[in-house]
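First subunit A sits with subunit B, and in the next complex the same chain sits with subunit C.
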Partner chain A sequence: ADIISTVEFNHTGELLATGDKGGRVVIFQQEIENKNQPLFRSEYNVYSTFQSHEPEFDYLKSLEIEEKINKIRWLPQKNAAQFLLSTNDKTIKLWKISERDKRPEGYNLKEEDGRYKDPNTITSLRVPVLIPMDLMVEASPRRVFANAHTYHINSISVNSDNETYLSADDLRINLWHLEITDRSFNIVDIKPTNMEELTEVITAAEFHPHQCNTFVYSSSKGTIRLCDMRTSALCDKHSKLFEEPEDPSNRSFFSEIISSISDVKFSHSGRYMMTRDYLSVKVWDLNMENRPVETYQVHEYLRSKLCSLYENDCIFDKFECCWNGNDSVVMTGSYNNFFRMFDRGHRRDITLEASRENSKPMQVLKPRKVSAGGKRKKDEISVDSLDFNKKILHTAWHPQDNIIAVATTNNLYIFQDKVN
Partner chain B sequence: MECAFDAQKLISISLRKIQSSRTQRGGIKLHKNLLVTYVLRNARQFYMSKNLSQTQRTHHYEDVAAVREKQEYLELSGSFTELADDFYCNFTGVESDTWHCGAHQPIGQPAEVAHQDASACAMVSPSDSDLMVSEDCWSCAEIKSSWELPIPNAQANQKTVLDLDTHVVTTVTNGYFHSDCCAQSKQPQGAQCFSKKRKMDTSYHIVDPEFYLPDFGPVPCKRMRTDDDSHSDSEQLDSTNISNLISVLGSGGLSEFVSWQQTDLEQIFASQTICLKHTLLTGSGWTRAIEAF
Partner chain C sequence: RDSELGRTRMGTGSHCTEIQDTVISPEKAEEAKLKARYPNLGNKPGGSDLLRKRLQKGQKYFDSGDYNMAKAKIKNKQLPTAAPEKTEITGDHIPTPQDLPQRKPSLVASKLAG
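Up next, the complex of A and B:
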């Protein structure tokens, strides 16, 4: 139940939310008191913990609905409270996280413990006052968006209009208004009339960061479709189709699996988008549909191991990817608790490891290297000694600073760029 | 290039994955199982191509045409049909020791029950090893005779057949199907009414109408509020287009297939799980028969 299933910074980076397989959400808050001082080291402390989703049972279909949190998305802050959307396979919830550091005291009709006084005993009138109390963080569900998805929800994305958001399952995408829970608009439906003709499913979807009419969704066939909601109410017909032809020399039994896109993310600028398939990360220019502008191999040495990875189900792992604040670096996870960063501008990449041994405070992470074959150099790790049970599927990058959150199976690691 | 043995291994692994997905928590994962079927298809295609080229080289007494026809028995065209509705209705893989194969169809009777457009399903009696595969195919799900199917070489025994899409339990007695639960010709309206795709009223719980409880008959499902009720008739349940009836293909033309699968299938048989039987397929659809021993 402690397996982390999603990680997300809020828009300022002050808060970091994680969801786990047990339906819990844990929010960390950055300590910002000494942020402007030299040698400042970010610390994230637990801010709030709450149970977002509980396991449910669909009696009609005789199946259990997992409480695992698939995605968390923060809403832009409008007032003192923070809002986030969390979703499991079937239900999306809007949570309000608010602070309470004062409590009222001196009621006329109530005792301090809440019991009501006998009105006949009241002889004077006073005004209740607010007195300080220990900070209490409350999380309360404000909206529940349920019963709109037949298949498993894989994505939610808040629109830049701050009023609507989309939710995507395997075959459909729905558009919601944050204030309205009893209806949603279906904007994409790829379910064929005859299910025998089903050849692909939706794997991820996201709104454009600035254009409120534009969103993309990726498919299990390795394609990305960009849709414009202004063209029609139902966006089954895409405005753009991003697809790279398959290299026939790489054809194998598992070609379809490794080409399935597991994550899609717009850059902060909105000019590019990034996709993650099993072996690579691709950066696409929205103005060019026929091929990505950049391709980064995450762990190409696994290409010869696909049969084993299929057998142990690792080939179905859904890795996520993320941009840094200025879109110059992309990051994604791998196995053996490795994660990779690709510097787009300098064409450099680095492999780092998230482990307890390497994660002492202030310790600089040492670059790692996997030996693909032949003679293994010192400090290199051979492919056969990789631990495929240790995988980093979820990573997040602070929107402004070089602070990253990396989730291993049960632990969350927060790393910061070395301060000189 | 993977050898034929790897293809066999992949097929058996894929079948196991499909089987285990039926009992996992949270329901069947549509995405994962779609990918597994792609592997299954690729492995099968590879094995078939290897088998064909090998057979052609051996100058067996059977001519190539006959070999090809036999291999057509093994042909599995590649769509996702047999799993789609399982996922849709989130079938959790109820297992029963009483499941048996059924739906034996003689060749030469397709005229009465043939359907042109539906997914194809032709099942061969296991004893007719020399039967040529008929080009005519029909959808088992749309057989109008309500399960009354004459079967050659029928044995005086009873088998229970479970349709995984409609969850209708039928009994095969002396080669004849008798539906234990009436399969509705007209499917109830329900979650399939996405004709009005723009708006969905989530105050109604979306129900998969093809989920029938065998003991209690069809489950009435709530109907979504749509303005266009005329579309409801055209919204056919996925289950009516896909037949998951059981078909045993034993000896004869499938011996090659069965033999190389034997090692893995024996394990499956021994563990009292389902086995995947192959049927003749044409067109874009394929029907799958599942039998549990």
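Up next, the complex of A and C:
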């Protein structure tokens, strides 16, 4: 139940939210007191914990609805409170997280402990005053967006208009207004009339960071479709189709499975988007549909292990990916608690490990190397000794600073740039 | 189309070599391994079956009662068993009908029953 299922920084990076398999959300807050000191180290401490979703039972299908939090997305801050959307397979909830640091004292009709006074004993009136108290962080559900998805929700994305958001399941994408819970518009529907003809499903969807009319969705066949909501109410016809042509002679049983896109993320600039398939990360220029502009191999050595990875289901693992604040570096996870970063400008990449056994706190991480071939150098790890149960599926990068959050199965690691 | 043994160019592998007569891409080699282990594997791997299994994710229960029982089992690791006091009755006093365990219905119906 403590398995982390999603990680997300808010828009300033001050808050970091994690969702887990047990339906809980834990929010960490950055300690920013000494930010301008030369030896400043960010610390994230628990700020709020609440139960977002509970397990439910679908009576019609006799299926359990898992409480696992699939995604969390923060709303940009508008007032003193913070808002986030959290979703499980079927229901999206808007949570308000607010601080309380004052309480009223000196009621006329109530005792200090809350018991009501006998009105006949009151002889004078006073004005209650607000006195400081220990900070209390409260989370309350403000909206529940339910019953709009037949299939399992894989993505939510807040629009740049700050009024609407989309939710995507395997076959459909819905558009919601943040204030309205009893209605949502269907904007993409790829369900075939005859389910026997089903060939692909939606795997991820996201709104463009600046253009409120544009969104993309990725498929299990390795394609990405960009849609413009101005063209029609139902965006079944895409405006752009991004697909890298495949050499048919290379096609194997695994080709389609490993081409399935597990995550799609726009760059902060809005000019590029990144997709993650099983073995690679691809950066696409929105102006070029026929192939990606950059391809990064995450763990190419797994190509000769696809048979066993199919048998143990690892081939279906859904890795996420993320951009750093200025879109110069992309990051994604791998197995054995390894995660990879690719520096786009300098054409450098690095493999690091998130593990308590192999590195001490405050210690600079040592780069790792996996040896694919026969000759294994000292300090290299052979492919066969990789632990496929230790997968890093969820990573997040602070929107401005070089602080990253990496989730292993049960633990959250926060790393930052080495300070001189 | 099936057996790609023979002249095959290495695919997207990072170690590209000259075209050789018996070279197969690592992916195709893995595919051959899989087909050897599971000869009945369909030819449409990404097709309907796999996808429909994916759409059907989630544990199926017989009904809501079954679901609630399963949930209760997880919460209290012990099953609610018959009251242990009943085993102490023997020898201490003459049992009354309430003390006796429920008689399970016979598997074979008595010939005397209608």
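By our rule, the second predicted complex is superposed on the first by the 414 of 420 C-alpha atoms of A that agree within 3 Å, B and C clash if a C-alpha of one lies under 4 Å from a C-alpha of the other, contacts with A are read in each partner's own complex, and residues count from 1 in each chain.
Convention: a residue touches a chain if its C-beta (ideal position, glycine included) is under 8 Å from a C-beta of that chain, and two chains touch if they have at least 3 such contacts.
No experiment lies behind these values; they were computed from the predicted model shown.
Participant: Which term applies to subunit B and subunit C once both are placed on subunit A by superposition, clash or fit?
Facilitator: Pair status: clash.
Participant: See if subunit A has more residues touched by subunit B or by subunit C, and give me that chain.
Facilitator: The larger set of subunit A residues in touch belongs to B.
Participant: Contacts for A:Asn250 in the overlay, against subunit B (first) and subunit C (second): which applies, first, second, both or neither?
Facilitator: Second partner only.
Participant: Looking at the overlay, does A:Asn186 come into contact with subunit B only (first), subunit C only (second), both, or neither?
Facilitator: first
Participant: Which partner does A:Lys305 contact after superposing on A: first (subunit B), second (subunit C), both, neither?
Facilitator: Second partner only.
Participant: Quick one: is A:Asp134 in contact with subunit B, with subunit C, with both, or with neither? Answer first, second, both or neither.
Facilitator: neither
Participant: If we overlay the two complexes on their shared chain A, which of subunit B and subunit C does A:Glu111 touch? Say first, second, both or neither.
Facilitator: In the superposition, A:Glu111 touches no partner, neither subunit B nor subunit C.
Participant: Classify the contacts of A:Leu63 with the two partner chains as first (subunit B alone), second (subunit C alone), both, or neither.
Facilitator: Both partners.
Participant: Considering only the touch criterion stated at the top, classify A:Leu198 as touching first (subunit B), second (subunit C), both, or neither.
Facilitator: Touch partners of A:Leu198: subunit B and subunit C.
Participant: Regarding the shared-chain residue A:Asp170, is it in contact with subunit B (first), subunit C (second), both, or neither?
Facilitator: both
Participant: Please work out whether A:Asp384 is in contact with subunit B alone, subunit C alone, both, or neither, and reply first, second, both or neither.
Facilitator: It touches nothing on subunit B or subunit C.
Participant: Choose the clashing stretch of subunit C with respect to subunit B from the list 44-52, 62-70 or 80-88.
Facilitator: Given the superposition on chain A, subunit C and subunit B clash at 44-52.
Participant: Both subunit B and subunit C contact which residues of subunit A?
Facilitator: Dual-contact residues (subunit A): 61-66, 89, 151-152, 170-171, 195-201, 220, 252-257, 260, 307, 310-311.
Participant: What does subunit C use to touch subunit A in their complex?
Facilitator: Listed in rising order, the residues of subunit C that touch subunit A are 4, 8-9, 11-14, 25-31, 33-35, 37, 41, 45-48, 50-52, 54-55, 57-64, 67-68, 71.
Participant: Can you tell me which positions in subunit A touch subunit B when the two form their complex?
Facilitator: Against subunit B, the touching part of subunit A is residues 58, 60-66, 68, 89, 145-148, 150-152, 154, 170-171, 174, 181-186, 189, 191, 193-201, 203, 220, 233-234, 252-257, 260, 307, 310-311, 313, 316.
Participant: Any idea which subunit B residues touch subunit A in the complex?
Facilitator: 2, 6-7, 10, 13, 17, 25-27, 29-32, 34-35, 38-39, 42-43, 46, 79-81, 84-85, 87-90, 92, 119, 191, 194, 197-208, 211, 219, 221, 236, 238, 241-242, 284-286
Participant: So in the complex, which bits of subunit A are touching subunit C?
Facilitator: For subunit A paired with subunit C, touching residues are 55, 57, 59, 61-66, 89, 151-152, 170-171, 195-201, 220-221, 247, 249-250, 252-257, 260, 297, 300, 303-307, 310-311.
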